[in-house]
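We just call them A, B, C and D in the order they show up, numbering each chain from 1.
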C-alpha cells in the first residue's frame, strides 16, 4: 500500500503531526554520489510557507540520510531518509476532532480504519508528499547522470486561467522565476491573481500541472499491465488532490480522426522519430524516444476558511470554518511532487529495462 | 509486467495470431459457481465483428476453463482460461512486415525487443483484451454475489458527438440496445453516424467511455501509493488506445473553487453520505460509499485504410494503406474491457480490505 | 501464491486430472531460441512411468508453446506452456472421495478451501511439478547460453542408503546412467534395491537430492530478505514432499568451530576464491563465485498400498489402502524438479543483478 | 530485496555503524494497542552484551515509534520503528579495511556493490536483525491477541552438545532461565561450557535453534509457490549465519518408510487431528492445526580472534585476528530472531488467509 516501484522501490511513512516522516528507497544502485544537500532545492520547492501564496506552516524540511550512504556514495543498501517534523501544533486541530470536512479524506479514513487522527489530517495530509519528493531527488539524479534524462514540471492552469501550451517552445527558464511556476510570465501573473482572490475569499482554487520528460530512450515500459503510461497514471493519481491524468492529445483525442492524430514516422540523421507527438511519447505503453508529456488535474484544496455545512461523527449537522491555516492553492507546490513521482517511475523502468532482450 | 492485482491476480498471455490467448486468475476464493457459459455475454460484447460498425475478423471467443474449477465450483486453485484463436490469417499482414504504422506500437516493440511480430500486431493487438474481459467476468461475479456491486460502462463520446451526462439519471437499460452503447438513443444514432462516416473515409474516430460502480462500500483503497483511484487509473491506461482518465469532476475541477466542489456531508437514514458527488466516490484514495465514476479517453485506431506516409525498418519512406481490415472505432467494444479492468481492481481491493482493522 | 520470481516470473496452474496443466513464464528476454523439442529431455526425466521404479501412470508430457515465441525465438511476451493431461482416470479415486490419506495434503486443502478434489489429489498432486520443470527448461537455457551456468542434481540418499559425497570429484556422467540418478554406480544399485523392497511391501521410501550450480558468478543475491540461499530454500520447500534444505556444511555446521569452517580466501590466477567451500558458495546471501551446493530432504510418498487406519470427513475411522497406483519413491524423479526450481531462482537473480551498481 | 511479507510487510534498513537502523511495518491492522515498552523484552533478548557469553558491544536497543501509532493504538498507517545506534566505534575496524575475513560476507558485498563498508560489516552485520526483532514484536502481539498463537524458540544444539528433544514435553519455563536458552538445565550448562571454551580459544561455535508455533489453525499457507513451510524456510535462511532448515522429521525422513512417517488421522472431541506430528504441522504447504515445528542450523560466527590467513583486496596474503570484539556464539541471541521471522510470516499468512473461500 505504501510502497511503489518494482526494482527502484520507495516505502513512504509518517503523519502530518507525528515525530517525523520519511521514506526508505530500496534498489538504488551502489556508487551514486549523494549528500544531504542534494535534497534541499526540491524540498524547498515543495514546502509550505515558501511564498505569500501558500499556507504559513513553517517546516524547513531538511532531509537526514540515516542509512545506505557511506563516504558520500550509495552502497546498494536501502537509503532511509528522515524528515523531522518541527511545526507540530496538533492542538490547532482539536476543534475539528469529530467533524468530517467536506471533500476531505478524514471521513474515508475513519470508515476504513475506525479511528481518527485529527492532527492536521494525519496520514491523509499532503505533508506525506515530502517523502515522495525526497525519494524523487535520488531518482532524478540517477536519470540525469545515466542518460541525461530531464524531468520538468510546470503549472498549466490555475482556476480559470489556462496556459494552453502545446508542449513546444516552452520557456523552461521562466518556470522558477514566478511564484506559480508557469513558463509564461504574463499568464503567471493572472494565475497568481486567481490564488490571491481565492485566498481573500477564504476559498481555494484547483489547477493543472504539466510535465515533460526529455531524453527518455525508446523501449521503456512493457506490454499489457506494465505500460509506462499506466505506471505514470498510477503515480499521478497517488498525489493528494489529483483528479485526472492525460497523455499527449489526451481527452482531445476523441475529437480527431486517426489520419489527423497518427504521428507519422520520419527518418532524420539515421534515426527514426515521429514528426508530431500527439501520442505524448508513448506507443503501446512503451516510450518511443520522443519527449514524454502528460497533464495532471488537481481539485481545489478541500480545507477552506469559507464557512461550510457538514456533519460530525454522530451525524449531527455542524458548521465548519478552518481558521487561518488553509492553503488556497497547492498546484504550484505540486510541481515538484509530479516531477518526483515521474522520476521514481522512470527510474524503476530504466532499471527494469536492462533485461528486455539479449543477443545470445 | 503481464500480471495485475495483488490478491486477486490476473496474468495475461497470448498474441493476436498465435494458437491461443488466455489468462490465469489466481486468488479467486473457493466456492464460486463458475461454468464456461458465464463468459459468453461479455466475450460477445467485446469480440470483433459483432456489428456493422467494427472489423470483420471472426472470432467466437469461446472461453475454455482449463483448471481451478471442479464440479462447477472454484477450488481456490488458479483458474486457467484459454481462448483458442480461429481466424489466424497471418499472411494478410506480410505486406506490413517491416513498415512502422503511424501511431502503432509495432515501432516501440521493435525498439524494445529487437524483433517484429507482424501477425496482426502480435502482443500489441487489442485481441489481448479478450483475456482481460474473461478475467473480469469472474471478478464481476464475485462482486455481485458478495456485495451486490454493479459495474456499468457506457459510451460518453464518439468523435465530435458527446453525451455530456452528469452520471445521474442514466438510462442503463438503453445501453445495450444500440450498437455504440450510449444510454441516450438519439445521441447514439449520431455517434453511429460518426463511425460510419469514418469507415466510409477509410479513417477512424476516438471517443470516451464512462463507467459507474454502484454499491462499493466505504473503505476500499488505501493511503499514498495504494489508492483506489490510482489503481483504477493504472488499469484504464492499460487498455489499448487509452489516452487519459479522470474521476468525478476530473479536468473540470480546475475551473471551480473548493466551496463549489467540496461535496457536503449529510446524514440520511442514519448513514453519512455526500449531497453531491464531485469527487467521483473516492476521497483520499478510499471509497466513500457513493457511486464511483470515471471517464476514459480513447484515441482513434491507428491502423486505417487511408493512405499514410511512414518509414520502414531501414528508414526508407513508404506509403501505407491497411486494406479492408481496419476497425473504424474500438470505443463501443472497449466498454466491456473498461468494466472488466474496473472489476478486477475492485475485486482485488475487496479482498485486500478484509484486513484493514480489527477489534482486539 | 502460484507465482514465483520477481523478474523471471513463473505462474503455475492445473490439477492432476483436469484437462491440462501449464505455466506462464513472464520476463524471459526476447531473442532466445526456443522450440517445443527443447522440453522433451527434462519432461521425460520427471514423468511418471519412466522406469520400473515408479508409478505406471502414463503421460507423454509433451509441452505445447501457446504464446511468446515467434519464428523460433522468444519475443519478450509471456510464454504460455501447456501440457495436456492424457491419463485422466478420475474414477479410480472415487473410493477415496471423503477419506483423508495419512500424510497427505487432501486434509489441509479441505480445511482451507472447504471442498475436495479427489481426482488424484487435484492441485496437491506432484503432477503440478511438470509445469515447474517446463519453466525450468527455459531458465536453464538462458543461464547456459548467457554465462555457461550448469545446474546438476543427483540423488544423495534413498532410504537408508546414503552416498555421502563431499560435492567434489562427482562422476556427473554416471548420474543419468542408472534409474535412481546417483553418480556412484554401486551405491545406485543399493538405492534401487531400497525402492524395490518398499514397492514389494506396498510401502514407500524417502531420500535426499543434492544439487550443484557451476559457474554462478560472484554477486548474485542480496541483503536481508533477498538472499540467494533464502530464495533457493523457498524454492526447494515448494517442491512436493520436501522436508528440509541445507547449504554447504548445513546442519553439520553446528559440530565445528569457526576456525574449522571458515573458508580461507586465496588468490589464484589473479582471482580471489576460497580454498574450501563449507559455505556452499554463498556468503551473506550473495554468491561468492564458487560452486553453489545444497541438499533437499524428501519424505516417503504418503500414498501407499500398505493398509493404514485413518478417518473420513465425518471423523469415522476407516481403513485405507491405495491399490496399485502408488509411487514407492519420488526422489529420482524429483531431481529435474530440484534443478528446475534452482534454475528459475538463479535466472531471476541473474536478471535482477543487472542493476546493482554502476560507474557514473 | 529488503522487504518481506505480502500483506503484513516489513522493510528493513540500516547498517551496523550508521546513525540508526529501523524497519517500516506496513499492513498492520488499525486498532492494536502498541507502546514503545512493548519492544523492550525481545530487544533485550537479542542485544549484544546481554550476558558473559556474548560480544560486549553495548546497545540499549530502545525502539522509537516514529509513525503509525496515535493515542496508543495503531492507525493502519505504516509503523516506522527507529533504533538509534549508540556504540559506533567505527575506527575499531579500520585495520580490516581492505582485508576479506574468511567466512564473512564482506567479500561478496564488495563483489556485488563495488565498495566496502568496513564499519563493523555495515549492512552485513547481525545488527540488522534488531529491526527484524522489532517488527516481530508487532506480529507476535497480533497473533497472540487474535488467535492465541504462541511462538517459542529455544536452543537445540551448541557445538557438539545436542538436546535431541522430540518437540514434546518441553519445559518452556526453563528456556529463559539459562544463558543459552535451552529448556533442559543440565544440557544448558554443557552448552554454556562449549561457548566458554570457544571464547577462551578465540574461536566460535555454531548450533541449532528449534521453534514451535502453537495454536496455528488449519488452513494457513497455500499451493505450489506460496507454501507456509517455503515462506518459513525463506525467512529462516534470511537470518545471518543460518545454513539449513528442516520441518518435523526433516532430514531424518529419508531413513523411514511412508508407513512409519505418515501421521494417522484420528478424531478427538469432534475435531480431526493427527496422532503423531512427523510432518511438523504442515501438509502440502498448509498448516494442519497441529503445532508447527522446525529447526534452523547456524554456522559458527566467522569473525574470530584466532589467527587466520586470508587475502586483501589486492589479492595479497595477510594474517588476520579480530581483537577482543568477536562473538563466540550467536545462537542464543538468534532465538528471538527466529521467533520474530516466524511471527512475521505467520502474521502475513493469517491476513492472507482471510480470503481463501466463502459461502456465496
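Convention: a contact is a pair of C-beta atoms (placed from the backbone, for glycine too) under 8 Å apart; a residue touches a chain by one contact, two chains touch by 3 or more.
Predicted model only: the values in this text are computed from it and were never measured.
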Given chain A and chain B, the chains that contact each of them: C, D
A-D or A-C - the one linked by more C-beta pairs in contact: A-D
Centre-to-centre distance between chain C and chain A (centres being mean Cα positions), rounded to whole Å: 46
Geometric centre distance via CA averages, chain D-chain A, whole Å: 39
Residue list for chain C, restricted to those that touch at least two other chains: 1-3, 12, 27, 30-31, 76-77, 109, 112-115, 123, 223, 356-357
Chain A-facing residues of chain B, complex: 1-4, 10, 12, 100-105, 107-109, 111-115, 123-124, 128, 157-160, 162, 198, 201, 203-208, 218-219, 221-227, 229-238, 240, 243-251, 253-267, 270, 272, 274, 278-280, 282-289, 297-304, 306, 308-311, 315-317, 353, 356-357
Residue ranges of chain D in contact with chain B within the complex: 6-7, 27, 29-33, 76-77, 145-146, 223, 351-352, 354-360
Chain A-touching residues of chain D, taken from the complex the two chains share: 1-3, 9, 11-15, 18-22, 24, 26-27, 30-31, 64, 66-68, 70, 73, 75-80, 82, 109, 112-115, 117, 119, 122-123
